[in-house]
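Following are the structures in question.
Heads up, the next two complexes both have chain A, just with different partners, chain B and then chain C.
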Partner chain A sequence: MIDYLVSILTEGAIFAILALGLNIVWGWSGDFDLAYYGYVALGAYMTMVLTIGKATAPTEYILGLTLPFPVAVILATISAMLLALIVGAIALRHLRGIYFSIVTLGAVYVLYIFASQFVPLFNGYNGLSGLFDPMGDFFGLDFTTYPYFYLGVCVLVLVIVVVGVTRLNGSRFGLALRSLREDERAAAVFGRDIYLMKLKAYVLGAGIGGLGGGLFAGYLSAFNPSAWSPVETIILYAAILVGGRGSTRGVVLGVAVMVLGLQEATRYLPEFAGHPTFAPALRLILTGIVLVLFIRFRPQGLLPERRMRDKDPTGKGGVAVAVEQPIVGPALDTGVA
Partner chain B sequence: MTALLEVHDLHKHFGGVQAVTACSFTAAEGQITGLIGPNGAGKSTAIDLISGFKLPDSGTVVFEGDQVQGKAPHRISRMGLIRTFQTPREWPSLTVLENLILACFNARREGFWRSLRGPTRAEKKRAQEELNRARAVLEEFGLLELRNERAGNLSGGQKRLLEFARIRMAEPRLVILDEPMGGVNPVLGERMATAVLAFITAGTSVIIVEHNLPFIERVTDQVVVMAEGTVIAEGPFDQLRNNQAVVDAYLGEMPSYDDADA
Partner chain C sequence: MHQALLTLGFGLVAAAILALSALAFTLEYSVTNVANLSHGEILTVGAYCAYLVQQHGGGVILSAVAAAAGGGALALAVHNGVVDRFVRKGIGGLPTFIATLGVSLVIQNILVIIFGASNLGYPVPQGPPRNIGPFLWTDTEIQIIVSAVAIAALLYVIIQHTRFGKSLRAVSQNRSLASVSGINAHRVAALTWLLAGLIAGYAGFILAESVGTFSPYSGFTFFLITLTAAVAGGLGNAWGTLVGGVIVGIALEFFGGYVSASYNLAFAFAILSLVILVRPRGLFVGGRRSVFE
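Then we have the complex of A and B:
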């Protein structure tokens, strides 16, 4: 039981990192990015090929280095950011709303097809394996203690991401990105370089996605096209929406509810003979129902984005009193116009 | 009076429609310049060309001695030229106070690394000063009580005032107001006229596009009349009343304006 708990908590920490990255792109700067899981996958693939060593026939893949795991994850993060820079530079130039989403969906499918069909890249459909217990030998851990260690690593990275994201959120960088989400033309009128700022947010989000992908590779110890698909992004969107778009605490809670809660709630359903896909199908149906209910009854999510509020009753005081307070939001703007 | 903005021979067409043809005028520093003309005269297109939201086919726009045509809107804004739109463009789910604070632009402070590192003591002090100034501006526009409200919840008139308040925060050299009186009642109109005059005191020159002629007559020093994409007359409003071309193109067309607002 405890092993199981450690396992799902590790997964939860990784998905929280992923959702926080996507939240910067969609929650902060307002772009409905469908390529996001591509950056996660690239982070995972790159971490694999940088750590598992030379390919032996019949497997084929690029690089095949044996770098230490943390170095590999950092390089994987950078490569996800570089790919996002290319995709974002093209897609964010003139396209917004649904047009932007379509281009990013196209980009992620190109990556997906490449990864699964072009064997010399990441060994095609068979994918990569062999990343067992990264850093385990270095710290002298065996297979019984290792899961605890890896949970600690993932939680530590999650805490670092949360701290960084919270700082940015409260800063002028975070506030200025909101102005792009709310009204781009007004933001330009008041001096904001829309393209540059959106691109920054896009690359930053993808970087966090790549980082989470690297950790995911260590958790799964193997990665192949059946382990991911572009549709996974939707699960992350569901978590953000349920938790509260733009809200850091909300997104973490959203992952707990949508990724862990729903998944684990359906895991122990009785299996119907001859219908092995019953539970996964039910999970998707439940996800859909929960999403519809939230959009209808609580579009701002469980913990809505907090906005700065002046608590000085007269509004004339000299002390810094700008603090965050929850304010119930207006109707949902999905960013897909 | 030196010219703050010089528009020279601007042309712009959309497909077969020649929206702006050989449009030239100047706006002097420290003055309120009205820009009037019938619908389809090319006023809005001219503003878009000046503020960088559309690219001119040809012609030049010189702002404070620098050519700005073809520059991106944010660059023109950073040079001190800010515009409004026909409908208020507030940032709806941000609070009124945040709307004001965001009107102050500072590229360095909004940088990624700087924001990640957290504000220095000097920056905190500056943020506090900005907050105090935002409060003072909100008080002036009667919006102080609403400072924690989401801007999207304001009424149409309050949104107009919020736009003016943002411009006061930004303190540009020149502001172009695109039909600020649209859907505004007479009492609020009075307040906005006062606010427009106060821009001059604060060192912001004004260009104002408007169909409300009593308002134009009251606040402007100089009026530019456009029709069919080009400037047909320039001068103080009183002179233009007797200009036959202006009467034919615009004033004579809709005599009801004067009556309705009297």
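Then we have the complex of A and C:
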């Protein structure tokens, strides 16, 4: 029982990291990015190929280094960010709304196809394995104590991410991002470089995704195309939506409800003979229903994003001071200066 | 040259299926302004309906009718149950788009629970291949192409020459203006989705016929290609979409035949991204480079 608890909490911590990364892109910047799970997968794949050593026939994959796990995760994070930089630079330039989503959906499927079909990259459908208990030997842990240690690692990273995004949330960058989510043109009028800011947010979000992916690889100890699919992003979206889009507390709550809660709720279902997929399928059905209902009835989520208040209500350090204007009637555009 | 003509022949079959699916998708989009991500599931449900009828001894025609009926019923249900409620509440295109992704997830997994996640075989006697002009087609493939052309022609007549078609065009151009002119926009949209569902359900049937197997996920995979065709032709633009479907279908077949069939989807998305970036409103519509919704 306690083993199960440790395992599900580890998974929850990893999913919370993933959701917080996606929340930067969708919650703050406002872009419905369907490629996100691709960055998670790339983080996981890269962590694997950087730690598990040279490929022996018949398996094939790139790199095959034996770097320490933390170094590998950092490099994996960077590679996810580089990929996001390329995709984001193309997709964010001129596209918004569903067009942006469609292009990112395309990007992640291209990645998925290459990961599963192009064997020399990450060993195709068979995927990668052999990342057993990363850092376990270094700290002299055995298989009974290791899960606690890894839970600790994931929670530590989650805390760092939470602190990071909370600070970022109140920063000028965070505020500016939300301003362009609300009204891109207005933000542009105030001199924001929309493209650059959205791209920064996109790359940052993907980086957190890659980081979570690296931890996920360590948790699963193997990674292959049946372990992920591009549509899994929707589970993260459901978690964000339920918790409260844009709100850090909300996203963590959403993951608790949608990932841990749903898993627990469907855990004791009877197994039907010949239907091994019953419980996971039911979970996805519930996820879909919750998603639709929340968009329709409570789009702000359970713990809505807090409205920003003017920290200096006297307006001394602030910007907008209303100047009394004489009313001169509607301006006439005569075309003459 | 002979090989190229044969590939073109297969490409026309793929194009026929794709064009029908893309036409249905663009019809849905045109009246509600919602890109329906559960469109692929209409095809899947069509295929399963046809499969059930066939299992109980129904022939090709009965299977086709069942597929169309199943698809139509599902599309109508998605419209009336989800999309129309969102539109009435004034929820924008993007949130509704996300909701339809949720719907897609629900339908896929209901099918997984009922039929299992693995591929089902679709045994249809294809008939011997015959030479039709320069092409080599089986009876089934001839049926696919002829029916696709007939459906497209029928649709043309409906859209251009009936009262319903006129209101469909009005709603797709300006929904509120159509409403104040006395057109019941919700009803027109519902009927359009029903029509699109009939076509998409049938497209799912001929897709299963031509591929030979299908699973709860086949519709979604095919939807990704559909999306390419619809966007290339211009979302909401029926005749552009038809041409887009034909071009993309043939291009994919050539890519599959001469380069690699495994990377078909990747190739489709390469086309899609290129089209969106260069002419986001579609190949046949006056180009504007930015798409800010």
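Here is the rule we use: the second predicted complex is superposed on the first by the 309 of 337 C-alpha atoms of A that agree within 3 Å, B and C clash if a C-alpha of one lies under 4 Å from a C-alpha of the other, contacts with A are read in each partner's own complex, and residues count from 1 in each chain.
Convention: a contact is a pair of C-beta atoms (placed from the backbone, for glycine too) under 8 Å apart; a residue touches a chain by one contact, two chains touch by 3 or more.
From a predicted model like this one, the values you see are computed outputs, not experimental measurements.
Enquirer: In the superposed arrangement, does A:Y237 touch chain B (first), chain C (second), both or neither?
Expert: Second partner only.
Enquirer: Looking at the overlay, what does A:R296 touch: chain B (first), chain C (second), both, or neither?
Expert: A:R296 contacts chain C only, not chain B.
Enquirer: Does the superposition put A:F69 against chain B (first), chain C (second), both, or neither?
Expert: The answer is neither, since A:F69 touches no partner chain.
Enquirer: Should A:F216 be classified as contacting the first partner (chain B), the second (chain C), both, or neither?
Expert: Once the two structures are laid over each other on A, A:F216 reaches no partner at all.
Enquirer: One more residue to check, A:R172. First (chain B), second (chain C), both or neither?
Expert: Only chain B is touched by A:R172; chain C is not.
Enquirer: Quick one: classify A:Y109 as touching chain B (first), chain C (second), both or neither.
Expert: In the superposition, A:Y109 touches chain C alone.
Enquirer: Applying the touch criterion given at the start, work out whether A:Y37 contacts chain B, chain C, both or neither, answering first, second, both or neither.
Expert: It touches nothing on chain B or chain C.
Enquirer: Touching A:E182, do we find chain B (first), chain C (second), both, or neither?
Expert: Only chain B is touched by A:E182; chain C is not.
Enquirer: For A:F278, decide between first (touching chain B), second (touching chain C), both and neither.
Expert: second
Enquirer: Do any residues of chain A touch both chain B and chain C, and if so, which are they?
Expert: In the superposed arrangement, which is not itself an observed complex, chain A uses no residue for both chain B and chain C.
Enquirer: Inside the complex, what are the residues of chain A that reach chain C?
Expert: Residues in contact with chain C: 32, 90, 93-99, 101-103, 105-107, 109-110, 113-114, 117, 184, 231, 234, 237-238, 274-275, 277-278, 281-282, 284-285, 287-292, 295-296, 299.
Enquirer: Give the list of chain A residues in touch with chain B in this complex.
Expert: So the residues of chain A in touch with chain B come to 164, 167-168, 171-176, 178-179, 182-183, 185-194, 197, 200, 204, 305, 307-310, 315-316, 318, 320, 322, 325, 327, 329-330, 333.
Enquirer: Sort out for me which residues of chain C touch chain A in the complex.
Expert: Going through chain C, the ones touching chain A are 35, 82, 85-86, 89, 91, 93-99, 101-106, 108-110, 112-113, 116-117, 220, 224, 227, 231, 262-263, 265-266, 269-270, 272-273, 276-277, 280, 289-293.
Enquirer: Residues of chain B touching chain A in their complex?
Expert: Listed in rising order, the residues of chain B that touch chain A are 51, 53, 72-74, 77-78, 82-85, 89-95, 97-98, 101-103, 105-107, 109-112, 114-116, 118-119, 124, 127-128, 131-132, 135, 138-139, 144-145, 147-148, 150, 152-153, 166, 170.
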